[in-house]
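Presented sequentially are two complexes of chain A, the first with chain B as partner and the second with chain C.
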Partner chain A sequence: MDSWSDDDDWFYESIKRYDLLLMFDFSSPVKFIEFNDLDSVCLIFEEENCRNEMSCFSLPKKLTVLREHEGLEKDSDFRLLSGGFSQKSVIQVKILKGTNTMLASEKDLCGLSVYKIPSENSGIIHHTNTIHSELLSPKLAHNKLDSLAMVDTNKKNVVLLDTKEFVVKGKIKTEENEEESVIIPEFVSPHSLGLCNTETGSVSIYDTRSARKCSMLHSAQPFPKTQWTLSSSFLSTSHIADSNDETKLGLLSTSGIISVLDTRNPQHTLSCEKGKDICSRSAKRNIPKIQFCPSKFPLLSISGFNPNIYIYDFSSENMKNIFVHDGHHRSSSTCENITTDHVWYKNSVMSACDNLSVHCWEYTR
Partner chain B sequence: MVSASYSWPIFLGKPWFKLLHRKFLGEPTQFKNIQNLPIVHHYGYVCDLPPGHRFPMKKFHKVYDFLCSSGIVTKHSQVIMPNKIEKSVASLVHTDDYLDKFFSGSTSTEEQRVTGFNWTSHLVDRVRYESGGTLLTTVLAMDRGLACSTAGGTHHAFPERGTGYCLLNDLAIAAQFLITTGKARRVLIVDLDVHQGDGTAFIFKNLETVFTFSMHCGRNFPFRKQESDLDVELREGIGDKEYMSSLTDYLPDVLQSFNPDIVIYDAGVDTHAEDNLGKLKMTDEGLFKRDLFVLTNVINRGIPCATVIGGGYCQDIDKLGKRHTIIHHAALKVWKQKGL
Partner chain C sequence: MPDIKVTPLGAGQDVGRSCILLSLGGKNIMLDCGMHMGFNDERRFPDFTYIAPEGPLTSYVDCVIISHFHLDHCGALPYFTEVVGYSGPIYMTHPTKAIAPILLEDMRKVAVEKKGESNFFTSQNVKDCMKKVTAVTLHQSVMVDSELEIKAYYAGHVLGAAMFWIRVGSQSVVYTGDYNMTPDRHLGAAWIDKCRPDLLISESTYATTIRDSKRCRERDFLKKVHECIDRGGKVLIPVFALGRAQELCILLETYWERMNLKVPVYFAVGLTEKANNYYKMFITWTNQKIRKTFVQRNMFDFKHIKPFDKAYIDNPGAMVVFATPGMLHAGLSLQIFKKWAPNENNMVIMPGFCVVGTVGHKVLNGAKKIEFENRQVVEVKMSVQYMSFSAHADAKGIMQLIQYCEPKNVMLVHGEAAKMEFLKEKIKKEFSLDCYTPANGETSIINTSLCIPIDVSLRLLKAESMKHNALPPDPKRSRVMHGVLVMKDSSTCLMDVDEACREAGINRHFVRFTSTLRMEDPGPSSKTAEKLLQLIKARLKDWHVQLTDGSISVESVLVKVEGNEDEQKSVYVSWDNQDEELGSYILGLLQTMGQ
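Showing the complex of A and B:
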């Protein structure tokens, strides 16, 4: 037998570590992953010539079938359904499930670009119209029903868009007053919008029906020269999830600090991790990502620090790292490679790295 | 289609652990999953043009949409996307100086004017996708016997310049690539676009391993013709019957005498009576018979065939898109008849 390379060792070990592992290479790095529906996913690639290529693929059957039937399935391919290009460089996208509509916040655009993901008889994702607003390249949050929050990260204005009629249905004037702070939004329940101050990690919760502030949550401890991001367990509940928990809020800093808070008891931090296991972030990347697992297990995942995805158990006060997906790091890669996005699909994770790789995987529990 | 470059292999008594690396074109993991007639298509074949521009850019999307809606194409199992052609491959045919200028946007106003396009970075992308598509189609044809692109046929481009809506000569690049890499020893380019393939003729005038056959209208652009290995000039206004008579006279003999390893077929529909630029009077039925004749004669001899859609100019984009799918209909018929 030939001597094993490091790559071969990793693959050999992967049989024990993973219940599912599919690895793909694309010709461009994937910037965003957004599921369209149960069976398809949209991949937005890194921009080239001031626009992003967008492709909609059907998911491999090995990923979508019940895990106990996965061995019966041969299909492990993404199959291209449609594709197109954005009008400008994409900042963020949200897909309105069940409508084949993609909303994109783009660079230097006041408002949103609307794209239609076609049905069977066409192959083109095309730009249909622009929703104009005073918000320049806004950050987006969707409540999975009929509301999209658009936030001007610098001016702290929030506009609520009705995603059925595409009309503005409300505005929120925030109480953020630090001049230098940037805020990013995320819904924590269908009518509660969290606005995270990226400098301090504090989160203000606003009721979108009354446009009033309901509560405020703080991160575990302030930390200088870091930026914060958030996610909520509400976002991970869906028709493909087992979990109905809509009460958890996760905060992640660029220094690797993770906090899980309960929105019902905002003064108490449920679980925390100091981030000592994570390499220091490369300066070139934007704020990293935190996601809650949609299953019943108290798990969350983080990415954006290096080529790895980290999974944590937050069932106790001291959060525990229980798995590291290090498959994106190949012997030919460098330590400078960074994961660009990751999302949960049932108990599996789809992750992308700037070394052109996209993986679908489920670790062995 | 994007195939897993790794998933747990079937154990055959001994474990195999191999990571299949993607190469520029050689994406074997994609090829193996293509079933039925391979169709090469990329949504990047289209770029925005100024309103009222004469070139019917949107036809490439229409071609694909009609193929999907008519059931010719099953997206999941037939369509394969090309990569953009690399400069190193384009330089097999084009000068480095021209490629540097074209890729970077340094072509002069006059150089751009004769192409019919103003330079944009998106134009470069679409040209690279289109050329990559033709190249991939030829490689697929060598593998499967028959393959079709939903674009291609930019035969007016010369090594150092573009002209007549053509910026890179995709037919020439593909042919030269096949020869240089040893995939084919002899390549026949059958160009039935209404315009002479002058760029292709010039590029291969001294190369015996590539035979250029162009049947075109003598009164159409370019008015200063180059010399193909075989030029058949048709008089203005001829219809299906006379056209087929000429084709029948020449094509079988060329195939017989040159005996190529592959035929690259430019199935331009600008020979149609309704074409804005072409001066011939063919019908849809005549085009279908033409394409069927070419494909049958080629495939019957066991020669692989790669098709591109070539030229077509019509105000009615839907009609034009549908017309360009005639070659795909013919190809599917031959595919089924021959049990490829």
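Showing the complex of A and C:
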């Protein structure tokens, strides 16, 4: 519940800081945010009794309309379209855009659960079938076209699933030194899959057509006792045609180090941030997240360290923090809350925190 | 089992008109009587033929309850009473009774004078309708008749809005109307006690919405106003006399003070007089902060907000003006609009719904030129902003309300069935409650368990307590009381037999049953009795079984064995009628043994 006097200063200052600010409170913390299409989003909530609630909402019109028409639109609410419950605790989800299909990696499940997001006649997101494989609770990556990569803790193989037919279409055998580490997959182009070694921050790029390793990239600053994660600028673009020009890879460590590399020139770090300002608590709770802004601006965002989302400009070698969204916890006192997920929507960001809040915001440039 | 029947009235998928028929305990109650503001024909009114195809409806409806003064909840009331002919009791809170006729009259004027409608209720209809209304106070129990009881609870949302608890016999229903679970700047949050109704009825619009926080909507409003005055523009805010105007004034005053802004802010004088009077009258309906402030000063005695004079319309420079009416269909707000609309630096902020045909509705639909009756054409170059400040609960709010009042069933009305499926599942999962989602015109029947409260005599309670405490503790053992249900006058009481006999003025009679068994058991009868004793003790471990003077006794059951050593034994089993079950059991046991 808002406290009128405590929040006033923050809201008054936000008038200058944000072009758009929408804040929502849910009854459970949101674990994952996945856009279904341009007008709707799926929120997966923290599990209760080993199952996660999954709900699909239409996006507030104030977020989706063109800025010049925003004034005539009073709707700033999420509207529930459909909902359901997962079979087991969800590890990761991927939504196949345009098909109303959600693929979920779940705890103790060898393979994937397939869920259908209804469009018209039913309000239930229901489990349709399970794609069985030898991979236990795999990590997922989707190339936005027809391939889903699955990697699990066994790390022997990467399995490539055809997302049109739901059949295995290929496997990639990872190299020996990768078998001992935890791997996170992410597509860096429609046919290039990056496998990030979470302990060293090195990324091996494999061509999914030939199943061969093409190159290797390293983060600029190896750091002991940290975990790494990655993202690519390819994932942020909405049009496949534009994606071909996107070659940036972002690496983020739990100590707050950010590196941006160019996949065409793996030896050279484009930009770096040493993360002095971020308090690292994510090792105990979350894997942090890094995302590239979908627009042409050289911007990226990170979350998962505290209640804030940080936006950086990586146009120069020394990355610059240009904005901090601190709306999830507006008091200046120390706070134990942590953001759970964030995604870009055009020039806005949707972020979730474990204090039940979800925000949609666009900072003033 | 007694049923509760609920039928939301309306046509098609509409969500803009609230009117629900409720039947419980043989009583029919109409919950709200709203008008759909989007239609210009009969579709704007609820379809009253659901109640009865023809004839006066008064005999079919025991009472009408109106939750608050918004037209989508009370707009059809004058039509229902003065045109359809309902003449039964109508209940609403005091502020609703005071304010509803103002909005009804405003709406009537727009419909008749602006839109030229002829088949509409008149001013006199509105007055006659309101004469039939009985105003109720919060938490006051009102007996509509000897069986039907209603009680109003604070709902927040707007001044005078209430949720209603309705009871007939042992069945009860809570109808929420529109409500808000979080307090705002001038109203408190909805509250209801743990009344555990058989059914909670709420609008499904809220259950499927997650609302953007009020602070963000206020921030958006302040941002738009500030950006406009920063470029030297003028901001017009058309408002209704009562409703959000006070909220927005408090908001602007606080902001102006904090940011040390000097741009003048005005309100139309008529707005303040009426509002002041109503807030003074109904100060107990506002929140604590307002009540505290009002004790010290006038509701509209602001430092930065001053009364407006028409002469200021042409003043140069930035300013902000609150003016009535809210839909720009007449009066000062329209006058100001005509002057300021051609300037692109200016802004109009519409904070509420606008009826089709009004200037407000036209500008909200993007009209760039408005033609008036005198052929005057006004170009609309000013920025048009549409904002909603209404205080509604949302999905989280309805879950909170369910937690507060603990209903046995939930009903969500006025929603699309498909979208309700998941919500039903969620309510079931979280609260283990059945959730009903009837379509408009569809009747839902809710089975309720019959629950008749009765008194229990202290003597009976004490006797049972003693018996229970004498046994070893066992939480699983059920506690059973045997007594006589005595109905005297209007009270019902369970009492022990002797008390009941005295109450009824009759002598108690005792009935004793006796059965005789034949048993082949050579030996003395005392030995047979001993065997029977062991058998009965083994089977009735929790009972006090004893052998006294050759007779086995358990409660009032006596077992006596007679016969010589070589003869067949006769076993006499007798018991009082109150130990029928025990006696029959022992008899059966002995019969089995005999065989």
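Methods note: the second predicted complex is superposed on the first by the 338 of 365 C-alpha atoms of A that agree within 3 Å, B and C clash if a C-alpha of one lies under 4 Å from a C-alpha of the other, contacts with A are read in each partner's own complex, and residues count from 1 in each chain.
Here is the rule we use: a residue touches a chain if its C-beta (ideal position, glycine included) is under 8 Å from a C-beta of that chain, and two chains touch if they have at least 3 such contacts.
In this text, all values refer to a predicted model and were calculated from it rather than measured experimentally.
Asker: In the superposition on chain A, see if there is space for chain B and chain C together, and answer fit or clash.
Answerer: Taken together on chain A, chain C would clash with chain B, as the superposition shows.
Asker: Scan A:Phe57 for contacts with chain B and chain C and give back first, second, both or neither.
Answerer: both
Asker: Who does A:Glu165 touch here: chain B (first), chain C (second), both, or neither?
Answerer: A:Glu165 sits against neither chain B nor chain C.
Asker: Check the residue A:Leu72 against both partner chains and state whether it touches chain B (first), chain C (second), both, or neither.
Answerer: A:Leu72 contacts chain C only, not chain B.
Asker: Once the shared chain is lined up, is A:Ile125 touching chain B (first), chain C (second), both, or neither of them?
Answerer: A:Ile125: touches chain B and chain C.
Asker: Contacts for A:Leu80 in the overlay, against chain B (first) and chain C (second): which applies, first, second, both or neither?
Answerer: In the superposed model, A:Leu80 contacts both chain B and chain C.
Asker: Which chain A residues contact chain B in one complex and chain C in the other?
Answerer: Comparing the two interfaces on chain A, one with chain B and one with chain C, the shared residues are 7-8, 11-12, 14-15, 21-27, 53, 57, 60, 62, 76-85, 120-125.
Asker: Would you mind writing out the residues of chain A in touch with chain C in their complex?
Answerer: Residue positions touching the partner: 1-2, 4, 7-9, 11-12, 14-15, 21-27, 53, 55, 57, 60, 62, 71-85, 118, 120-125.
Asker: Could you pull out which chain A residues touch chain B in their complex?
Answerer: These residues of chain A touch chain B: 7-8, 11-12, 14-15, 21-27, 48-51, 53, 57-58, 60, 62, 76-85, 120-125, 330.
Asker: Any idea which chain C residues touch chain A in the complex?
Answerer: Those residues of chain C that touch chain A are 182-183, 185, 207-220, 222-224, 226, 254-255, 258-259, 364, 366, 383-388, 394-396, 399, 418-423, 425-426, 429.
Asker: Over in the complex, which chain B residues touch chain A? Could you list them?
Answerer: Within the complex, chain B touches chain A at residues 1-8, 15, 17, 19, 21-22, 33, 41-44, 61, 64-65, 68-69, 75-77, 79, 81, 83, 121-122, 124-125.
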